[in-house]
Amino acid sequence: MSDYKNAKVILEAKKLEAWFGDFHAVKGITVEYREKTINAIIGPSGCGKSTYLRCLNRIHEEIEGTRTAGEVLLEGKNIYDKRVDVVDVRKRIGMVFQKPNPFPSMSILDNVVIGLRLQGISKRSTLLETAESCLRKAALWEEVKDKLNSMGTSLSGGQQQRLCIARALAVNPPVLLMDEPTSALDPIATAKIEELMNEIKKEYTVIIVTHNMQQAARISDFTSFFVYGNMIEHGLSSDIFTNPKEKQTEDYISGRFG
Amino acid sequence: MFKLKSKTQDALLFYILRVISLVVIGLLLGIIYVLIDAAWPAIKSNGLSFLLRKDWNPVEDQYGALPFIFGTVITSLIALVIATPVSILIALFITEYLPKSFSRIVSLLVEMVAAIPSIVFGLWGIFYLAPFVKSTIAPFLKLHLGFLPVFQGPSFGIGILTAALILSIMIVPTISSICRSIFELVPAHQKEASYALGSTKYEMIKLAVIAPSIPGISSAVVLGLGRALGETMAVTMLIGNSPVISSSFFSPAATMASVMANEYADANTPLHVSSLCYLALLLFLITFLSNLFAKTIVKSFSKG
Amino acid sequence: MNYRSYRKFKNYLFLILTLASALAVLIPLFTIIQFVLVQGASSLSLNFFTELPKPVGEAGGGMKHAILGTIYIVLLGAAMAIPVGVTCGIYLSEFSKSKLSKTLKLTVDLMSGIPSIVIGIFAYLIVVVPLKSFSAFAGGIALSIIMLPIIVKTSEEILKLVPNHIREAGLALGLPRWKVILFIILKGSVSNLLTGIILAISRAAGETAPLLFTAFGNMYINYHINEPMASLPVQIYTYAISPFKDWQRQAWGGAFVLMVLILTMNLFARFILTKIKDKKGI
């Protein structure tokens, strides 16, 4: 596992802050994420994990009355730079949400390829190829290959979430953000998603917010622990879960706090 | 290739939407402007005395709006007096007494009344309601309440009462559907609290459902009034269309809307046309203000 | 004990009153429907749909011209109201916080309260007067102003039912907001928007007052947008107030057709709309 420490840094937050109106939700986070790793963010609910994650692809600013400060560097370039088009940021940093949210009245196939199609790619063979490869990566291909034209919303919750993962992958972002992607799912569906994340890791960098510590311990290479908008500790998951440096982290993972 | 930044593209859509919205807002202002413009000759020649003069005589080119204002107000008020309690009770019946599956059906039926075209109400009114008023309702009222001047005089079937009755049926869906949505907002714990004090269902409804909903109910009633004031076809077919002010509910009358429907296409002197437009402007303003008033009640209600 | 039974009595009395109120509306509803069905069905025949009116005194004849005219004028109005109405619906649902959006909402509310006869006069003044002729176009304008607020309101409601996280999912794919709105939110709601449009059409199809001095009416088939055109409601009105028994019968036939048309559309749209809302409510 230690070779991750030498992997290239792909995404980096520098003194990142975020507000909802007057509420200071994220307080000066500085952290580096390395290529092709899974990074978990844990912490008690309401601690700003999700808000922090939503700052990494600038989706936080889509809510009215919000504000951010600081920098997020994607391969060394600040995504908050005024000259950067936010659309290009999000093409390179994908996101999967808490609730499975396939687009309504859209087939499974359309759901996967809509991102590409709306970027102007209309060649059917390209779209079909991408759909198949992304659905395979999302471990959904075998289940849906015969009904690509049925509605995305007709799938089960777990399948819908995997469809959303395929949809995000179709745009081919090097970084994938996941905001508690399994919190709305049953254990079997959750296990499936954890499994596919190990596959995804071979090509993508994943940052996942989870309320489930076991999940973080099982799947992640690095873990950050957040409390009230502050990052208390960040390090190799093996260290965080066996030998935390901070007292607060120890209390949290041993169940004494949170 | 020339490529706009996404924010610029978004701004473009935003501006297109804004422009179309402005067009719609402009349309409303345009309606006001066009009506004032068309009514201007009549406003200039008659001014506000138009509202108080009783004579409406196109042959002599004399125009006073009072009979129509009277007819509009009296029919709408009678309709409100009948429709308000009925609508509130129906809304309570649907929300408080009926099981969910039934309440759906009943509320759908009540809303179906709103879907019936007013021409059909008028047709039914001419061939069913007016004869029924003449043969049954009017004699009954004369017999029991004949000491009141409003229930004196002969009934020909068509007249103020018949028009008001049809109006009251037509505005019930408006009032009751708003009342229903207000009553549905009453939180269950408030009802339970009232029951916990030992209330009967009636007492619970009075305390927990109606009392806090009064502002909402009043706004529903004002909206119903707006609907009644402007209703045209059914009233035109049932009111008898004579510009008189009579103390009897059985007598024919005319409303602002009905005189427009009857005379506008045949009006031939400029002052006649303009006077009808003056009426249209007045009717517009009255309904406009009553709707605005209803909105403000709702707003202050939801704020408080 | 006495007071208790008084309270109980009041309780029952109230229940009876609510029941009576329901009946007070449902009975007229049923008699209207029954009247229209019985009187209308007996005056209907195939000729009603395929023939033109015959001169007074001659039996038979139909309302083909009025049925076609109603379809023509309503579709004309819809063609003008739908693009504007849906666009305003998008603005209200997607940019609800802006000041203009609030003004627009108030405008639309007030517009839906304008008496239809006043709208008819407005259309007369802006179309019939300058063109110097009653016309289907003027009727279409009047009906479009009646449909507009309904379409705006239902579109707004329907688009607002699309949860916000769907919009975020679109943005997160790196799409500009306008593409998310047009190609994901709007496109995904097309069938639902159609129900709102059907509701508006069902309302407009029954309107008489705005057509009295716009489309006016005639007794033959006309497809010219700049000429007077018959419509079912106006034809029913003309026949209903006529002294001729045969024409009155025709009026009932017309009412039957109009009611079936409108109630079917209306009930269908309402049924779908409640279903949509129920689904999203969970």
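By letter and in written order, the chains are A, B and C; residue numbering begins at 1 in each of them.
Just so we're on the same page, contacts are C-beta pairs under 8 Å (C-beta built on N, C-alpha and C of every residue); 3 or more make two chains touch, one makes a residue touch a chain.
Model, not experiment: these values are computed from the prediction.
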item	value
Chain whose Cα centroid lies nearest the overall Cα centroid	C
A-B compared against A-C, more contacting pairs	A-C
Chain at maximum distance from chain C, centres defined as averaged CA atoms	A
Intercentroid distance (Cα basis), chain C paired with chain B, Å	17
Rounded Å distance between chain A and chain B, as computed from the means of their C-alpha atoms	55
Distance between the centres, which are taken as Cα means, of chain C and chain A, whole angstrom	47
Of all residues in chain B, the ones touching two or more other chains	6-7
Residues within chain C bordering two or more other chains	176
Contacts with 2+ other chains: residues of chain A	87
Interfacial residue positions of chain C with respect to chain B in the complex	7-8, 10-11, 13-15, 17-22, 24-26, 28-29, 31-32, 35-36, 39, 84, 87-88, 90-91, 94-95, 100-101, 103-104, 106-111, 113-119, 121-122, 124-126, 145, 148, 152, 176-178, 181-182, 202-203, 205-209, 212-213, 216, 233, 236-237, 240-241, 248, 251-252, 255, 258-259, 262-263, 266-267, 270, 274
Footprint of chain B on chain A - complex, ascending	85-87
Complex contacts: residues of chain A adjacent to chain C	57, 59, 62, 64, 87-92, 94-95, 97-99, 101, 103-106, 114-115, 118-119, 164, 167-168, 171, 173
Chain C contact footprint on chain B (complex, rising order)	6-7, 9-10, 12-14, 16-18, 20-25, 27-28, 30-31, 34-35, 37-38, 85-87, 89-90, 92-94, 97, 104, 106, 108-113, 115-124, 126-128, 169, 172, 200-203, 205, 223, 226-227, 229-233, 237, 257, 260-261, 264-265, 276-277, 280, 283-284, 287-288, 290-292, 295
Chain C to chain A touching residues, read off their complex	97, 162-163, 165-176, 179, 183-184, 187-191
